[in-house]
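The two complexes that follow have chain A in common; it is paired with chain B in the first and with chain C in the second.
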Partner chain A sequence: MDQAEKKMSPKQLFLFIIQAQIGVGVLSIPYDLSKTAKGGGGISVVIAGAITQIIILMMWTLLRKFPGMNLFQICIRLGGPVIGRLLIACYIGYFILLGSNVLLNAYMVLQRWILQSTPKWVVLLLFCIMTYYLAKEKLTVLARFYSLSSLLFIPLIIFVSYGLTQARIEYMLPLTEAGLINILKGTKDTTISMYGFEMFMIVFPFIDASDSKKLKMISLSNLFVTLFYTFVVCTCLMVFNQTQLAMIPEPVIYLVKSLNFYIIDRADILFLSIWSITLVCSIASYFYAAADGLAVLFSKKNHQMFDPFVSVAFFLIALLPTTPMAIDRINKVSEFAAYAFVAVIPFLMMLISLFVKKKAGGAV
Partner chain B sequence: MTSSEQTIYPSLDGNISYIRDKLCHTDDLKVRHLTYRGQSSALIYLESTVDPTLIERNVIRPLRQGGDEDLSQLFLTLRLETEHKLDQGTQSLLSGNCLFFTKDDMKQFYVLTTPAKYERSITEPENEGIIRGAHNGFIEDLTVNLYQIRQQISSTDLKVHYHNIGSTAPRKVAVMYMNNLADPAVIKKVEGRLKGITIDSVISTGFIQEFMEDQPFSIFPQFLNTERPDHTGAYLLDGHVVIMLEGDPTALIVPVSFFCFYQTPDDYSNRWMIASFVRFIRLLSFITAFQLPAFYIAIVAFHSNILPIQLFFTVQGSLTRVPYPPLVEAMLLELIFELLREAGLRLPSRVGQTIGIVGGLVIGDAIVKAGFVSYTMIIVVALTAISSFLIPSNEMSSAIRILRFPLMICASIFGFIGIAFGLTILFIHLCKLESFGKPYLSPLAPLKIKGFKDAFLRFPIWTIRGRHGEKKHN
Partner chain C sequence: MKRGRGALCCTMLGLSTALLTGCWDREYLKDLNLAYSVGFDLTKDHKIKETVELIIPPKTEQSATTNEIHSAVGLSTRGASNILRARVRGNMRVIKNSVQLIGRSLAEEGLKAPMDVNFRDPRNPSSDVRLVVTENDASEIIGMKKIGELQIGEFLTQKIRSLEKMSLFYPPETVNTVFRALTDPGQDFVLPYIGVQGSEIVAKGVALFHDQSFSGTLGKDQSIMLVLLKGKSGGNARFTKTVNLDTSKPIRGSISYNVGNKKRKHEFHVSVTRNGDVHVTLSLKLQAVIEEFTGPQLLDDKAVKRVNRELSSIMTQEAREVVRELQQANCDIFGVGRQLMAYHPKLWKRIDWNKEYRNVQFHTQVQVSIIDTGVIQ
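Presenting the complex of A and B:
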């Protein structure tokens, strides 16, 4: 009974991953891409989506080998109690780092656009309270809230689509202006907005579906996110020209701001308020992953007792960097951490798991 | 109940004095000495609980006239039971029975059912009026209430289960459900929690509700209460469990979702398009009822640039004369409104008119002229007030009215981000809530598009029906 209550449906998985993936990055990717890929930004996003899909496939092959286990349990299974726990500790560190990175970036955006004179710790505290209140619950509650807040994508998409009324396709053409190499380089800038799908490795055993259905759902959510990003990037590239884009770090907000909705001016304020709710989902995913990892690390049944610590860690890490240099550094560190923890380590684990299975098969 | 299980005494006087002692020599205890088959016998009853004409006509007269026939022949029209435990007998005195002791047979005594019935007639509940449909309502008598439900659902699957709750003054509680439709897990939870109630006496259904709720610390009601038999019957047929208390016209319905509080029986007698529209308006009122003042405060205090320029000047113009910050202004007016509402609630309608004049004229117009609040604020508060009365359930409406105060404070500190913060916390809380194991926000979270047909809108009935089959699969 309790076990059944904990599971989430495939539909919820779809929305869960979308919510975890779409975070702070989406506001600034058109800016990042315009620097490298220029008009071909859309292509870069599609390539990044394809790479993500390959990583998802890889994770899936790893996870399906160990039914009923998530990333942390697999770590212990493959690495033994010592190395496995060390690995879990690293993953917890990674989740905390990435979560607080999102938190920090969220603050930066809000500070720039709405809450200019609110002290940093107050904004961070607000977000920490929201994420704590959400992430201390069972996974089903998270899934319920995520699917509920997915409805907020509708106004967000409408806001951005409205920008198409001012679009000029010439701004984007020619697509390969920057050259293929630069477009590929642009892919690297996009990956930062793709993180979040690694939550898949945490929630995998708690989904009420067959393995292939799970893969289908997560691929669909990756497809949705990729298309959404492509749409946002292309819209921005069509509305602003290159010189304009070079001066606007958050073109999506600027786009919404410039629109006239007749009933309201300055739709960007509404946009950001709605968007900050979807950000809470993003942060809460990392929060939940870290707390869940701590529970496995200390062999506890539930993660409730670790939640306050995770919350404090998020708060402090996001509070520390104050100079733009330090913020840039933390962005860089989390980028590389993501490469290691999302791609390299799962890949190695998958290799080992292949080996382990053969060995076990041979022994029997 | 009590530890001593006193059986009948061999002498008539012994029995009478035992019962007298047991009832603390209360004055309404009557003992009538009669003769039956030549032996002296006694009829004991509480005159406040029995029907005197019934006793006179159906008990005493047959005894005087009939003479020596068997008792079951004498009291043909009454229910007759035999009993030998005196404490049981005393207890049954309280519920309108009378006891008959006779020297002829000192091993047992007889319990005759002669209760007085002083009941209100079946009228339509005042605060749940409908335009079309059945106009009956529950009353303070459990049997009559059950009769009304049985009359509506004549099915062999409708099951009633009685409980007695309260240690000093026990009251009867009936649990009702459709045996084939209700979820066994929910029934088990309801019965288990009912048995777990330890209290000396139950005053109202509110007691039961508070004892049984999943989350007593939540502001949202987790029981739907209604005084309408048709409403109750519809929920029973939908697989819900109904709890009723003897002497209380309220039926408690579990498990409920948030959207149940926004539905009325009228929705199903209206044409579906109209019903859908009305339901949509009601759900819209959920948003305006507690967000509008916060939204206004956020705009005026933080984001006045969100307004189109002409509107901005209008709002700004009315604000210049107001000396207070928007939060104080809003709080002042909201509190005045709450005062008026609470004052008008319990007043007879003749005095109530005075309240209306005081509220409408004096506070509405004079408060602006005096420069305490702005005209726009009056509009905002009036809109919120109206929206909060659109909600059919009084409990939900009060919950929502209270919610706007914290949200107003959030908005006055952080603007729109504060509202986003407040709403996030609120909706996380709603996602967490469960009513007897069923998610409160269903079908919104967990998302079930099929359920939307009867939650946000009201689709044609033939498209909604047939959901029972689905429910069973889950």
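Presenting the complex of A and C:
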């Protein structure tokens, strides 16, 4: 693409993927896991990280076959103008769905904890303006902003670590209380917080590094995210007992609220304010991916003209569901969409690419 | 093009000033009535009576704040608060609340229901709010309005804090820790227990809880012992005992010592025998600083040895008494059940902990050694 006069550095890639991956999901994974994996929640997260790593390897094998191309261009190359464009359209739909899902969940958390009387449309609008402003820029601008906001992980980690002062290891034991099958089932519940790394397929050609270096960086960021999640999950499992976890949908925030910092009584407000920046990064990634997809779909050089449409789509999709059931449904749909678009379709594309390469080689 | 951009800029600026100020979620301090202390009681017809102490800001800058006491009866905690809100002017908020009193009658009924709103509403502070059980009605204590120069809420907060430093109650039981213990089948909790004597508010010790209801009390010395048995100390832990220094002649002296500010060795171990009996080893090694000794003789090496032996035996007896009373009240304060859940899950599934806790065999041992006698022997 022409807009990539300047490329991302490998370090920026590392932070970019982390920011895209860590979103609203982590606030509630200990809760989701407590239903299935119980004390073994940490193990579930590690397994989910390993599966993510396998998918990353698979994507990498696909992407390195087509140097200088990202997901959308590969779609066209492999599927031809019609099927390829159809596939791109599906991917755009997927990115919009996931982005607005993160947006919706972010709003839900903020509404429950801080902004109780602020109308929904205002919060969503503010998020949309922010992400629009960010995502309309070039990728390097996004990367720089993400790197800068990565500094905010430090206070977040400190907040959560402070919870360790109240931890009791007995709450987590016995680790395999739920049984191995349930721990594996728990892996499924962490999916919602794992996705985000598929941004890798969009930014791959815009990184200033060799293919193996790129793989190394993204594996590192996956490692970081997995460790971070494991840490958060284990802390929550040690601070709350199972009965409590079953009652608290956002244990991470509850944990921060229950800490006594002497000067500040409600640290959760601080925590969430900082967290919102991370959420904006997550949403902006999907925003960028969707807009970039639109640009390829209509063979335009840059995506700026599509940004307002994406913004409006995000806003409307997040605005529509109001009942908890509808929100649950949109979460479910996103989860299954993620399986399809992150794992299944790239896998099929990889298979086809192996096949096509041989054929092409035979023809030449 | 340029004009369009300027217009856009202006609209954005206008929008952001209109939207970013947080017009909805704001509260002015001047509109609020801050409740410093709150008390809950159970009325005869099983409703909740809520009593609050509201702080009224001073009219002029020099004068002090005053307080008002209001109470209301409702079906639930929030229900009573809503009725209260209708009575006081403006909006009553508990954001500065630091102590909640619970009448004994309500504590006997169970804490889960009346405390629910504390856990559920994120605006209720929970990390630093002490829960206290009162011997009679909580409204009686809050109704005292002022103790000396201090307003009741401030007085109670300071009193609890200072008693925590004296290891009467430690670690502090806040709304959060109680929430955790309430939901945990393998862990119970104790709360400070206060009462009224004449015109004074007196700490009576601690109130023991089983599951969610009040099930017994411990006296003051026993409360300190309990804190030590938990392996904790709030800074000071003082006892005064009478010891006999000579077997042949009755030379008695009372001795005051502090075991809270030196290193302690605490051992807590749960083991299960093959036939499913639960044994708990609870041993404590304390280092004492003598603060007062009224006996006729010097505390030389020989006397110190003897005092050590005497004190160890007295303290062991007292510790065993504390454990016996805890078992009687079915209060699993040490979290023996939690240990069983974690390390002996098969046994835990088999037994009914509510019954079995009384059969747990505690092996309690306290050893005291004097390491300091002050500046005189």
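Everything that follows uses one rule, which is that the second predicted complex is superposed on the first by the 359 of 364 C-alpha atoms of A that agree within 3 Å, B and C clash if a C-alpha of one lies under 4 Å from a C-alpha of the other, contacts with A are read in each partner's own complex, and residues count from 1 in each chain.
As a working rule, a residue touches a chain if its C-beta (ideal position, glycine included) is under 8 Å from a C-beta of that chain, and two chains touch if they have at least 3 such contacts.
Since the model is a prediction, treat every value here as computed from it, not as a measurement.
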Which superposed partner A:L125 touches (first chain B, second chain C, both, neither): second
First (chain B), second (chain C), both or neither touched by A:L115: both
Contacts of A:M325 with chain B and chain C, given as first, second, both or neither: neither
First, second, both or neither for A:L270, with chain B first and chain C second: first
First (chain B), second (chain C), both or neither touched by A:V82: neither
Contacts of A:V141 with chain B and chain C, given as first, second, both or neither: first
Residues on chain A lying within both footprints (that of chain B and that of chain C): 114-115, 118, 126, 262, 265-266
Complex interface listing, chain A residues touching chain C: 112-119, 122, 125-126, 168-174, 177, 240-241, 243-244, 247, 257-262, 265-266, 268
Residues of chain B that touch chain A when the two form their complex: 185, 303, 305-309, 414-417, 419-421, 423-425, 427-429, 431-432, 439, 441, 444-447
Of all residues in chain C, those that touch chain A in their complex: 19-20, 22-25, 119, 122-123, 125-128, 174, 176, 179-180, 183-185, 187, 335, 338-339, 341-343, 345
Complex contacts: residues of chain A adjacent to chain B: 1, 8-9, 11-12, 15, 110, 114-115, 118, 123, 126, 129-130, 133-134, 137, 140-141, 143-145, 147-150, 262-267, 269-270, 272-274, 276-277, 280
